[in-house]
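So, here come the structures, one by one.
In the two complexes below, chain A is the common chain; its partner is chain B in one and chain C in the other.
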Partner chain A sequence: MRSGNQVLIQAKNLRKYYELRRWTSIRSSKEVVKAVDGLDFCIRKRETLGLVGESGCGKSTTGRLLLGLEEPTSGEVLFEGENICGHSREVWRQLRREMQIVFQDPFSSLNPRMRVGSTIEWTLKNFDLYSKEEREERVGRLLEMVGLEAQFANRYPHEFSGGQRQRIGIARALSLQPKFIVADEPVSSLDVSIQAQILNLLRDLQKELGLTCLFITHDLRIVKQMSDRIAVMYLGKIVELARSGSLYQNPKHPYTQKLIEAVPFPDPEIESKRKRVLLSGEVPSPLNPPSGCRFRTRCERAEPICSEEDPVLRDSGDDHSVACHFV
Partner chain B sequence: MQEFDSNLRKRGMMLTSGRAYGFLKEFLSNPLVAMAFIVIVLFVVMSAAPQLFTPHDPYKMEPVERLNPPGLRNLLGTDEMGRDLYTRIVYGARLTISFSVGVILIALTIGILIGGISGYCGKFIDSVIMRSTDLFLAFPMFVLAMAIVSALGRSLVNAMFALSLVWWAQYARLMRGQVLVAKQELYVHAARATGTKSHVILFRHILPNCFAPLLVKATLDISMAILLLSALSFIGLGAEPPIPEWGAIITTGRRYLIGYWWYPTFPGLAIFLVSMAFNIMGDTLGDLLDPRRIR
Partner chain C sequence: MEKLLEVRNLKTHFFLKTGVLKAVDGIDFHIVEGETLGIVGESGCGKSTVARSILRLIPSPPGRIVSGEILLQGEDILKKGEDEIREIRGNKISMIFQDPTTFLNPVYAAGDQIGEGIVAHQGFVKKSAWKRAIGLLRDVGIPSPSRQAHSYPHQLSGGMCQRVMIAMAIACNPSLLIADEPTTALDVTIEAQILELLKEIRESQNTSIILITHDLGIVARFCDRVAVMYAGKILEIADVFDLYKNPHHPYTRGLLKSIPNPAVETEKLESIKGQPPDLTNLPEDRCVFLPRCEEAYSPCRSGRPELVEVGPSHLACCFRTKR
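Entry: the complex of A and B
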């Protein structure tokens, strides 16, 4: 799937902190949530990077940062080699043609008072593309491309099922023919039977249109079939980044190992014989993350060094990077 | 066209040309709502063309005919000056309905503008505006309206302005809340992500999703406005005596309640009927404006 190793989008030491103001007695105290804390990764052209992690680890924020829907606290996002952070609104608006997002919740991502056709048409109208007839024709073709009928353009969102709405969301994202798409948990609010359909659709479209994709999910089974490479996030940091085959066969970070162990095996006989040591405890609060390695509070291999030094993401060869002192 | 299945075509028609018709049909399927609708239409027609409903003049005094009981000549009796009560109520409909709708329209407009700005801008502007609405909301509405009218001078127009001046804060509050909710909706983020300009987001995505509760409240409030306007007239701060405003008729009529029951009763009944009708309409409107009902 990779044609050349050209990088399309790159995050450089990307951080996003949220300040929370708490009113205790008369004074307010500031607390900082480090949602995303120093990310370095790149996505190559025509590649799908899977981003997995527990809820609240900063996956969605990462996606939104790449798309400029949030302003990073520090760090850079390079799109085709150019820093795109801190641009004016209008520049960003123009950049939207290159990068789009598919949202998690298909029920609230469509305006209930707009026909789905005009929802999609507006994305084209925003950039004054094509004539009215051409736009309408394009909307029809987009709807057909995502497996719906062109006439559905005249209907309102409430007339569709969740899966259909997600298809509409995909059509909207593709309408501007972007190069890069962030799929933010696109199937996690759908029925399992529908999930497969939407995933196949996304995959086919990606191949057909040569899209580069950031696929955000918490579901390890899905990310394996969707992505070329996978990044595992824990509390705002990437702990492991590798090609999906090598991540599954040879997970190096203790957190990744636990995650993969936790996935049930399809064969019940093997499943019942498997011995699993599951992750214990909760994710620590990002308000007050542990010192050093953030995973140390739940890690069985933790040693004194882990609380003193923050492990950096190091390439351990063969395109496989891990942030752990013992790898 | 042949590809269209009949169901889709039916829907398409409902959505375009026949949408208002379908809306009305559904609206009137409930007998209570139908009755309320008829009452409102009747009174609106009455206020548009009162001379069609009565041969008499609302101001013409006939001392010989004073305080006649309801009968063939005077359907609802006459007052102490011999004026036909039915005629006065018919002519009063125009005043009462247009002025109370006026109260609400003015308050609604101010409220939508101020509340919209407050919710959309947020931050400092929001705090300033909301604190000033608090000021209005903290004061007993009717007392404030009374104070304003007596400062401006007694007249129906002043009463209308006074009421809208104390009323807008409620709409501003509601509007602000609606805008705040709509602003956070995922489809607004989606619109932003597809490069939609801010004014398009405001007018296409945020505002259309804010109005339903405001319209419902406005319709419900019309009945309240009729009551308050009549009440202002009743205590002598609204319409002046010869004007056939319903509240004003009751004010003079109340002295004749014993012995001449029809005099204050019928204008009171008119107020009751119209405000009830608007109330029912408001309730129904709430259900109908739900976007999921658009079929």
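Entry: the complex of A and C
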């Protein structure tokens, strides 16, 4: 599946804080949301890294940081070994030929007043690539590659269903032949039967074109299917990172265990036998996260050390890293 | 066991400028006391319209229940007057909606909203209704309920709002609870909590539940029987174990194959080709699933199959299935 272990993109102690101003009647106070708080991970060439977590855990922010759509508060993103944070706009513009994104909502991510052919062609025009005829031919081929017909280029987005629009979004992302793609919840607005079509398409294209992917999702059933390795996030931090098989068979972090226990399996035989100890409570506010280990307020194993010391993500062998004091 | 609710040949159509949208087009099912029936299907298949038809919440115009009977303990809901139906809503049958943050009233405190139904249906005065509301909030697992009863919806998280909605729904001990995608807007861990809460309610009050969802995983966890809907019709209805082990309809099989099952190693998902149909101009003379069906043959093009028995309490709507 993977050729060597070369790293394509790497995050080093990546942080993104947002400042919020709260106004009371007489004064304003500043609060800080730590959306992403110290991430260290890498994505190897031709690999898909799945990023899962509940809403508000910072998974989308992570994707946007890697693509330079957000400026990190601190830390580095290395793309092919080079730090790409703090580059000028022009350098970034050129870099984005190498890295593209597939958005969640296929309804708002396509311009309703542009024919889909022109939407895709724009990316090529933007970099002055090819002649007009060549561009049109390429657009046709891209549409065919994602399972649509070349003449659909003349239609407007409203003439397509959600699944078809998502295919167009994928065609647009692939038009510049990027090396790296971030897919941010690409199927969560689609129906189950269409979801499977799009997931298969993404997987096939990824293999065929040798793409490196960051696959962001909240759905633990999908992420196993799509990823080589999976990172589990909780309140801005990665709590566990492992190969997808071993994450499911042998989840080590208490949060990952609870998360997998909570997922309903589409099989009543399994469901009736599964024992579930549910995770109590809710995710604390990222405005005021717990000290030490952020999961300790909901963790059964929590002990005094958890509130004092923040566990670091440690490799416990076999490509499996966990951030917990008790592993 | 006695049938609590029976729906016979229900048709709910929407009369739009572009044509007649047959959201529900002739469906039959029943639910017995203490049972949980799942209705699954993709968006636009008419599953929510079924729920709203039962409570007569169809916006009219453009919608209208064209024909059929909905029998609650033998009495036809569709023949009742507006006053009588108000006696049923929230009292005998209540509903939990998908998005709790939009269905709760933002300008009333949680306790007031729960109390409203208790005052209306059970003749409580406001003060004792408030006390009962606090008790209900405790039952649905809200911490420090007497304080939270004063909270407004925007002060509560999505999961908490859904708990408030459930408290409202169970306030009058209804015999039937209709839950329309109750966990779709929530995270998995919260979803598991809410499903567990609904299970507790079902066991302690022997409430029947109709659970409407698109997620076959939730059905597997929660339901006794399941109806698969497509294009306004029930294509298959069976016991949960039977349906997953032995699906008769090609659509059910396709749906089951297109969800990744983490317990099984699969290299590739199987998907159903094509897209759900447009319900405004479905051809009457052929099977609704025909354009997407891998197993279609000549009878499918010349008539619509009926829902027939294919096994013990297992019905399917396909020409291919034999008894």
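One rule holds for everything that comes next: the second predicted complex is superposed on the first by the 327 of 327 C-alpha atoms of A that agree within 3 Å, B and C clash if a C-alpha of one lies under 4 Å from a C-alpha of the other, contacts with A are read in each partner's own complex, and residues count from 1 in each chain.
By our rule, a contact is a pair of C-beta atoms (placed from the backbone, for glycine too) under 8 Å apart; a residue touches a chain by one contact, two chains touch by 3 or more.
What you are looking at is a predicted structure, and each value in this text was computed from that prediction instead of being measured.
After alignment on the shared chain A, the placement of chain B and chain C results in a side-by-side fit free of clashes. By the touch criterion defined above, A:326 lies against neither chain B nor chain C after alignment on the C-alpha atoms of chain A.
Residue contacts after overlaying the shared chain place A:197 against chain C, while chain B stays out of touching range. Taking chain A as the reference, the larger set of touched residues comes from C, when chain B and chain C are compared. Once the two complexes are laid over each other on the shared chain, residue contacts for A:163 go to chain C alone; chain B is not touched. When the shared chain is aligned, chain C comes close enough to touch A:218, but chain B does not.
Of the two partner chains, neither chain B nor chain C is touched by A:17.
Look at A:155: by the touch rule set out above, it reaches chain B but stays clear of chain C. Closest CA pair between chain B and chain C after superposition: 13 Å apart.
Within chain A, no residue touches chain B in one complex and chain C in the other. Note for the complex: chain C touches chain A at residues 42-43, 157, 159-160, 187-193, 195-196, 214-218, 220-221, 240-241, 244-245, 254-263, 266, 268-273, 275-276. Against chain C, the residues of chain A that register as touching in their complex are 54-55, 161, 163-164, 191-197, 199-200, 203, 218, 220-222, 224-225, 248, 258-271, 276, 278-280, 282-283. By the touch criterion stated above, chain A contacts chain B in their complex at residues 67, 69, 93-94, 96-97, 100-101, 103, 105, 108-114, 119, 122-123, 126-127, 151, 154-156, 158, 169, 172-173, 175-176. Those residues of chain B whose C-beta lies close enough to touch chain A in the complex are 3-4, 8, 11-12, 15, 185-187, 189-197, 200, 204-205, 208-209, 291-292, 294.
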